[in-house]
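Which chain is which? They are A, B, C and D, in the order written, and residues in each are numbered from 1.
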Amino acid sequence: MKRIVFVEAPDAVGLVHRITGVFVELGLNIVTNDEYVAQKNRRFFMRSEVVGTADDQVIRVALRERLPLAETIWVLPERKKEIVVLATKESHCLGDLLLRQYAGELKANIRAVIANHDTLGSLVEKFGVPFVHVPHKGLTREAHERAMLAEIHRFEPELLVLAKYMRVLSSDFVSAFPHRMVNIHHSFLPAFVGAQPYRQAWERGVKIIGATSHFVTDDLDAGPIIAQQVLPVDHTHSARDMALAGRDVEKNTLANALKLVFEDRVFVFQNRTIIFN
Amino acid sequence: MKRIVFVEAPDAVGLVHRITGVFVELGLNIVTNDEYVAQKNRRFFMRSEVVGTADDQVIRVALRERLPLAETIWVLPERKKEIVVLATKESHCLGDLLLRQYAGELKANIRAVIANHDTLGSLVEKFGVPFVHVPHKGLTREAHERAMLAEIHRFEPELLVLAKYMRVLSSDFVSAFPHRMVNIHHSFLPAFVGAQPYRQAWERGVKIIGATSHFVTDDLDAGPIIAQQVLPVDHTHSARDMALAGRDVEKNTLANALKLVFEDRVFVFQNRTIIFN
Amino acid sequence: MKRIVFVEAPDAVGLVHRITGVFVELGLNIVTNDEYVAQKNRRFFMRSEVVGTADDQVIRVALRERLPLAETIWVLPERKKEIVVLATKESHCLGDLLLRQYAGELKANIRAVIANHDTLGSLVEKFGVPFVHVPHKGLTREAHERAMLAEIHRFEPELLVLAKYMRVLSSDFVSAFPHRMVNIHHSFLPAFVGAQPYRQAWERGVKIIGATSHFVTDDLDAGPIIAQQVLPVDHTHSARDMALAGRDVEKNTLANALKLVFEDRVFVFQNRTIIFN
Amino acid sequence: MKRIVFVEAPDAVGLVHRITGVFVELGLNIVTNDEYVAQKNRRFFMRSEVVGTADDQVIRVALRERLPLAETIWVLPERKKEIVVLATKESHCLGDLLLRQYAGELKANIRAVIANHDTLGSLVEKFGVPFVHVPHKGLTREAHERAMLAEIHRFEPELLVLAKYMRVLSSDFVSAFPHRMVNIHHSFLPAFVGAQPYRQAWERGVKIIGATSHFVTDDLDAGPIIAQQVLPVDHTHSARDMALAGRDVEKNTLANALKLVFEDRVFVFQNRTIIFN
């Protein structure tokens, strides 16, 4: 059985040797192994894929014994993540995820799609996935978020995916899923933060547009970036053309980011991501 | 003899027919022809390459007669632009231009390189190009710019190229070369305006960096964008690594932008460029 | 009403003037206009989008009068193309087309999906599109193609899209849809023609893989190329990883090519495409 | 002092632990560490950058003791490679290398440029690098290669760089520098092997062209690929335009490949490269 082992620790001589020593003792074969040291902070990160019969808890305890100073020790079984997708009205990112699940290539199980409009219900139900409509009309943001969270918690997701969910989230909502909420933003962050990024891009006359997938944090559009992708444009593109062309980049960027997240390859350190792939 | 004809006019029915009517009458063959209408502003732009023996002034007069409302009518002979390059200490963009001139592929003639440091003198002189050192030390910005302008004017350039010239320019300086000064900015504008863009990019944890070549206007780093190019980076890149990797993108982006400018393919309309290529 | 006008003619002085003269007389406004001259062959191509009330046939006749030597004069109303999609077992390209149709962004109407396996039936039917299964088992290639053609003709498509249809086509089949059949080939043609291109790519150790969308001609994988796209890979990618990563490139490349074809922007001249966009 | 340690061995449990055990014993700090296992061949590869005072030979002996089955154990000091560049008439790749050396960013020392034409002599000498002209005129290929090799050996290079050296090399010549000769090929291999690749690309009507940097082996254009890069083109590009545009891709691709090679990041296994970066 394969497991992902992740260690974050203050850098020190011999860490790799100590960690791989545990693997040898417990009869775990290394499939892949990646390390990174953030030199400025003298912080060590290591992600290994190992195969063997030892129990997760046994591995964890053995690593902790050898690495008393480690910040983080994770031993994660290789399995599909359980997710809930939030959406609004646009179908391109959501549809892409549904298709990937249909094709068996999504390393996640979409437990439900929850949306503040009912537009996407018929699409979601085609794929046999529960769709929940939580209208925001007439509700304060707080009341709507409470209703959303109540529905989300029913499905007990490990991760939330915001597939063009177009509502600004409160601090409270965000803190319910720390580094467990992945968003797709329709610009090449940090350019064009906020509303109507394609309009802003058109006005600035840029020659390349892009999309950014990031973890959601309190600070709007400022969370740790997971993946970015770009597309050339020219003067013949109206803001609307850019938005249309941007759809493909958005869905591809989100798919790329999620692949990395679902495979436990993305770690956050000081608002930046470390990605082992 | 080949000429570039450029017309900007309020949009109207039959403009292409009228313009090409002039070409037919004057025995000018169209080599290429490009039009664009900015729909929102109902503004028409056309760039043609024509071949024939008619005199420039004759073409101009004939076009003006048929297009009394045109904003702009240019008839430009196809020839190398006369340029002056401004630099500071970094050699990658400047060296690339010198090499392209050496290889005969630069559609411009570098009349001189003028720099506020003497670092690049020996490189420039290898290529037989005049190098002028105008030190800024001990001078106010105004005094230094006056000295720079005096040297620049000696060489009577049509265009100025800022090949990593690291001084902020005053309004007065900029207004001496309206839309005739091309800069390379070491970020993917409008992200990371201002100082130390690679440091800013590192701190934000972006996964793609870039460079932007633009015409210089009063508003720092906000002039019309000509070309942009990007490069993927990851968590292993320090700000310094990004800066090093960025060099190649900078020199390529500047070269691409200059090729377009030197071939009279770039036109400015409302702080955006229209590029016919 | 908008129409696409396309003219192919031996190059001559004044062609643009003559064509736009017709537009002026018939009260047609030019929205966009693109020309190209294949210099070696002295062949002229022009594509215009015009708006006005004149009748298609009237435009055609007027153009023919002024352009007696033209090879081709097309006046095409702007409307969705009627297509049939051929598929086998893989869902990524087909699913993407179905989603785009669902989102209203496909400039075509999928009249049916016809496949030699029944695997994709349930997906297609989710979207309310007719699915026809034409099994090849036990049939000669000729017999199977006859059965396919019979089904295809029932739906009277203007264009056929081969969305990972994995059967080699006979000359007869191809000639039934000259330059009206668009294929997606899972390699960066002309590299890795034929079977198992990802396996070939892996063996050659390439650092970039790609996909190619092209019109189908008699000569396997040698038809006029419409669009190509690439993806970086490295030594850690197995042939299977490449195939998985390639799926996204395949679906994006096919979508890009089809957008161009459905908008009547792609013309074939001597086994190469001229694309006005 | 920093050293690159590279190990290739049959895969086995505990290899990383054993190797890092040597590092711990000899007081070597790991800066970076990369492993790869070619699963099909059960072959293990590891590249580490380590810092410490232990002697190279001591490290080598200690590793060999623990890894009796290893195919390869290299302990390489971090220092500039000594190279000779071969060229013909084109300056873009060579000029780029000279400029990078001038800017101090080339991790190599160009001991000499040797060419079969004298065209580039004046450029090379500007940079104070010895230039040797070995004309091929009137000589058999064998005689010319002998003359070339005699000159090359005078400069005792570790690596040869073929910066658009346009002569086909014999088996004997190639075998003198096994996996120590880096070439830049002006196509996206394996497409358009052989002569005039841009002409071939034009004829095939491709929408993307590229360049390939590879180690030279006996089999023309079939050596292990180090880096590839691409550039979009369209129907307006003549074969000559492609060649011009291709220059930039060629010089960038060669520069990227050489950076990897000079930093001892490229290893060859069964005609494919493993690149740790």
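By definition in this document, a contact is a pair of C-beta atoms (placed from the backbone, for glycine too) under 8 Å apart; a residue touches a chain by one contact, two chains touch by 3 or more.
Nothing here was measured: the structure is a model prediction, and the numbers come from that model.
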item	value
Intersection of the contact lists for chain A and chain B	C, D
More contacts between chains, B-C or C-D	C-D
Separation of mean Cα positions, chain C and chain B [Å, integer]	38
Distance from chain D to chain C - Cα centre to Cα centre, in angstrom	40
Shared interface positions of chain C, touching two or more other chains	36
Complex contacts: residues of chain B adjacent to chain C	13-14, 16-17, 20-21, 23-24, 27, 29-37
Chain D residues touching chain B - in the complex, by the definition given at the top	91-92, 95-96, 99, 102-103, 105, 123, 126-127, 244, 247-248, 252, 255
Touching residues (chain side chain D, partner chain C) in the complex	36, 39, 188-192, 204-208, 210, 224-230, 234-236, 238, 271-275
